[in-house]
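Some structures to go through are shown next.
Each of the two complexes below includes chain A, the first together with chain B, the second together with chain C.
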Partner chain A sequence: MPSTRDLTTNTRTRYTTMSDTPLLKVENLKTQFFTDAGTVRAVDGVSFSVERGEIVGLVGESGAGKSVAVESILRLVDPPGRIIGGEITFDGKTIVGFEEDPDDTNEPARSEQMLSASEMRSQIRGNEIALIFQDPMESLNPVFTVGEQLCEFIEINRGLSGSDVRERAIEILREVGIPQPDERFDDYPHQFSGGMRQRVLIAMALGCEPKLIIADEPTTALDVTVEGQIIDLVYDLQEEYDTSFLWVTHDMGIVAEICDRVNVMYLGEILERAGVDDLFYDPRHPYTAALLNSIPRPDQAGELQPLKGSMPEAIDPPSGCRFHDRCPDAREACARTHPTLRRVTEDEQSAACIKHDAFETDYETSRQLSPGGVSMVGENSE
Partner chain B sequence: MSDADSDSVSTQTSLAGWTDVTAQLRQNATSRWGLYVIAVVIAVAVWAFIDGVLLGYHFAETYWHSPVTADPGARSLLPPVGITNEFGTGVWAHPLGTDHRGRDILARLVYGTRIAIQIGIVATGLGAAVGTVIGAISGYYGGWVDDVLQRLVETFYAIPFIVLMIAIMSTFGRNLWIAIVGVSVITTPVFARLIRSEVLSVREEEYIEAAKAAGVRDRNIIRRHIIPNSLAPVLVQATLQVGVNILIVAALSFLGFGAQPPTPSWGAMLAQSRTYMLPNPWFSFWPGLAILVTVVGFNLIGDGLRDAFDPRLDD
Partner chain C sequence: MVRVSGLTKYFDNSGGLFGGYEFSPDGLSFPFEYDPDVVRAVDDVSFQIERGETLGLVGESGCGKSTLARVVLQLLQPTEGDVYFGDDNLADLSDEALRQRRKDIQIIFQDPQSSLDPRMKVGSIIEEPMRAHGMYDAAGRAERTKELLDAVGLEPQYYDRYPHEFSGGQRQRVNLARALSVDPEFVVLDEPTSALDVSIQAQILNTLDDLQDEFGLTYLFISHDLSVIRHISDRVAVMYLGEIVEMGDVETLFEDPKHPYTRALLSSIPVPDPRNRGQRSVLEGDVPSPINPPSGCRFRTRCPSLIAPEAYDLGADEWTNVRAFARAVDRRSFDAEDADSVYERFLDGPLSDSTCETVVYEAIERIVTDRWEEATELLRRQFAEKSICAKTPPSLEQPRDNDPSRAVACHLHRPNESLTAEQKTGRRM
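Let's look at the complex of A and B:
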């Protein structure tokens, strides 16, 4: 639908160097929590990737499993949680990997290529993948000055020492827009406002010049004007450092503003993946459509339609499609068939919805009728 | 935003506000008296250590009364100055009277301060340090580490401390350092359990997660992030515990397991005075008073610290 795509507000095009492998590749990740009440499938077969220099959104309601996915990438899932399957590769290194288990009976063994715990700590965390947290009020240690904390992180991850660390720290504080950084360096976190603290956290993440920054709802605790400033800042820094971002949020507005590609997550699964424009102007999954209908948009008048019900517990997910009991388009088959994420347009837009199965047969038929017709439905499940 | 800011500031009980804490201690009348009392007691103990241990009572014997040997011709069991009992009338030379061997009670009190403070502070410090490390490791790692360490600590907790102390001193000998180690052993569980409960909440803080995500080593997370943020209740407890440990030392000396004669100690003085309680009750009164004042002094500071660290009591 070219007419809608012309209305695109996000006109920024970013050239991404498409090397053979994406910077971060998550494949069929399964993280479960083994609680007394039962097994919680917090992340259940999630796949996505982040290319170099790209900002990828991971969107979903609270409890969708976004944060667990992030913790899994850094291997910081606390017991009773455990990564039980899937593969995560980052820049050629295996963060999570399992040996093939032909019988599928035993618990799969961890792959030998997988980084050890100490390699994760010294090579990946902070160094190559940095994390920006949700709550800037809580993410700084109250007993040390901002400078000391920044220096600690830089020292660990960049191997600088002495006055070099301090210089680098002040430089990075200036870069993230802290006024008089050499004076604020010796202030305690409680002497900073929320927006300034979030800048400090971004400075900590950037200070180690990581290849990927994962931002876990970094603007949720901020008011809208500060949020705008922080997003502008991230935008500028992203261009300067060419860092990739995985931006975790429940705020569709932010997604529209900064992301290149978006993954929509629901109850431990990804329901739709698309470029940001496709997602907003042509959502292919009813859940995405419902999410978009529940936020006010200047280009669409009329009443908002909030999504009915709330997300079920991941401990006992609904049968078939996990979204079917809230889905406005649900059919009888939805309660039985579990749809897989598959390509539904030419533009690498994927959705996990049974209604596209019908499209698939339609297109199969149409292709048979007119040989040479373009298949709109790409690869089936591998 | 300003609301959120002031809120997060007032709920912080961290060492960042150390100057605030000491200022609050001085403002509060009772804890101020505690500070004065303890300052005097510690000054006396330091003097007793310098002269008693390093110089072998040189100054006391040259210019005053020896606390360990009686002056030639001194009368025993004299009451304080101006009071008369069956042994005589108190004189200015011995303002608090003399003991059963004719030694000056004031001199013995002064030089006995060293034992009380030395064991009280050193043993509490040792116990608090070891207990903090054990408790922090136990709380931070959880799981089987926690189980093992906590069962170990509870085992020590379950043994009556006097029995444990007597067992330790009977086995390793009756000397001051063994007493210190013994008292710190029975102090350790108090701190291990206290800080563990604090660490359990601190380790869930987002800045710990942030440190982990930045690749900080576990031992540095414990050292730099966990312990400093869990330390406030430890400081309060340590101050109160010094008082308790002084009582324990006095009780041990009273039972004959503390510092050995003729080294002056408050507990031993109390024990010696039992026999002469009726003819000269002053002999028992002074060491009892010294113990009381010192313990109350530490408790006043401890209470003051607790108030200072309690954000709900902020004015």
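Let's look at the complex of A and C:
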């Protein structure tokens, strides 16, 4: 997708006031599963970035490829799955890097900078990038106390030892709001409620002061009142540690509540990327609009306008635009032309829909005509 | 059409060989004690549902929603209380009469996968209830099944397919068709859309609406999702720890919630609108265990508007500070260095009630000497347990403004209750 890549480079060069490179940059990532039934293109040419101190949302229905994208970033894709292309850089390190693949063989050569499996384990996972899962019970070992698990984690990742570890662990428990932390330290996971278990996992994630926390539906299994507590906790901690978040969710309410920028995924592709306000008030892709129309709202009653049908299998995606067979605005050309993610407004909003194909050409022309255009964009994006 | 009165369901652990016995060696007596734990899953719940109406039942996990549904359907025997369906008390019916009556009452479960037999074709799945109730002949059943498939938005030719060939949303539609096959009057929907994606959830909710109009159904819709409840219900009952704390028409309840728990629930949902950022208020703490629920009002341990004890003469702000102090002591969320710094941290100045002042001092004294538990106990006895909320369980009744369509179980809204001025101002959220 040459146009996407050009666009991101353009955007970045204009971001002069921000830090030079984003913390996490995913470019044209492709992860496929080679199953007996055929090749599942779970993540197919996805590009996005997370800046320092930013909370970025990755939104989509189940089967959109959100979790596979996350696994790819951590290089945890299990066979028959394999990352077959693209580039992921994190804080100057190359997590995934492939040489150009001129013949499109699906077997591109690894680039030399790509971290080895043991480097991923010792340098990246847990240390620099932490992951919080949906189910807090499954992520904790039921036969060890919460304190032991937290200590083990701190020892491995922070290199502390002896009583310092225990002290630090209790301090962390208190920080994430566990009542009576010195006593709860010796409890087993089953003695904790779901919300408290999730707090412990957040505590573990923070225990090594990572630069990026990937949260994969961390509040989905929790009740609303507890979900609210967890979101508040994340907010406070984010301010304190200035951690970046990649927040994976299907819940638009949470997206509106915490994300700065949002990527909307559908069937292995990103269909729209926008700042949170633009996404909710001015969605440019028909899928985003439809998704927003199908959520019942707690603050108002009203008709729901659901999308017809359900998401097709990634093993045999529709031709052309992958959304065209469910799209209310589909035209004839949508079945033939595969749209690429390109910018559709002057405010860093991108959508992959042929409706907006004209925008970029017009925009580029007008920029060349008026020299003031460049600085104007810079102001808007900040 | 459906009337439930005083419905109660307790579970205990007295079953089994050593059930209910606790090992407690003291060296003197027989080291086992018989002390079964009783889980008060549903406690004295009453409501009624009119024909053609949808009652939404909302609450957090563990509040007893699903137990209530199963007791209403007589899938579980109630410990106490009656369920009237039409004119029959379901508890009085004989087994066979109850089986016959079940034709009119159906349930849809949360997980559309596990509620369908993977080895049966969709056609036979939908026909099975009709066979069990001896409805139609084979050809008639097949024909009706195809009509039903059409009614729930599936293709009639899916008749010969297996459940695994369907998506989650389609499976839930098959469940719907099966429930409708015996012409029920009343359908209990237990979290029917929780396992589905939002766009599919919207489709199912719309289908439920259409089916209700078409077949004149009455729904009991159980969900933890307030947005869904608001969308589908005519009336709403809010449950907390086995009890209904508030009930009313959907619009009035959502626009003007009375019970502090309802308010807290409503304000803690993330609204899909970035303009509402940071406007949530969040309840502290977790739901207490139903084995040993708090005395009086069960919500009082988390309630932001706990009423100040009548015995003390405290201003609203003072009461708030005292409560914040008691909570912090209970959670041990701060380090105690010396008495003065603790005092200054929580209290703005000397309390207007001298007894309270003494209690606070005594508590702080215990904290700095590292006797946290004693301090917690003292504060609990002297403050929380003295509130009317801890002494008397509030009953579910019409609130003070006498709107007959709603009921609230909260001391703040009791009719003819004479609260002091302080207590009234103290109940701001």
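Operating definition for what follows: the second predicted complex is superposed on the first by the 328 of 382 C-alpha atoms of A that agree within 3 Å, B and C clash if a C-alpha of one lies under 4 Å from a C-alpha of the other, contacts with A are read in each partner's own complex, and residues count from 1 in each chain.
Definition applied: contacts are C-beta pairs under 8 Å (C-beta built on N, C-alpha and C of every residue); 3 or more make two chains touch, one makes a residue touch a chain.
This is a predicted model, so every value here is computed, not measured.
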In the superposition, chain B vs chain C on chain A residues touched: C
Chain B versus chain C as contact partner of A:P306, first or second or both or neither: second
Chain B versus chain C as contact partner of A:N157, first or second or both or neither: first
First, second, both or neither for A:D223, with chain B first and chain C second: both
Touched partner set for A:L131, first chain B, second chain C, both or neither: first
Touching partner for A:S62 - first (chain B), second (chain C), both, neither: second
Chain B versus chain C as contact partner of A:I295, first or second or both or neither: second
Contacts of A:S193 with chain B and chain C, given as first, second, both or neither: both
Which of chain B and chain C A:L74 touches, first, second, both or neither: first
Chain A residues contacted in one complex by chain B, in the other by chain C: 193-195, 223, 226
Interface residues, chain A side, partner chain C - complex: 61-62, 174, 177, 179-182, 193-196, 223-229, 231-232, 250-257, 276-277, 280-281, 290-292, 294-299, 301, 304-308, 310-311
Residues of chain C defined as touching chain A within the complex: 60-61, 167, 169-170, 197-203, 205-206, 224-228, 230-231, 250-251, 254, 264-266, 268-274, 276-277, 280, 282-287, 330-333
In the complex, chain A residues that touch chain B: 74, 76, 79, 120-122, 124-127, 130-131, 133-135, 137-144, 152-153, 156-157, 188, 190, 193-195, 201, 204, 208, 223, 226
Touching residues on chain B, where the partner in the complex is chain A: 1, 4-5, 8-9, 12, 14-16, 143, 205-207, 209-217, 220, 224-225, 228-229
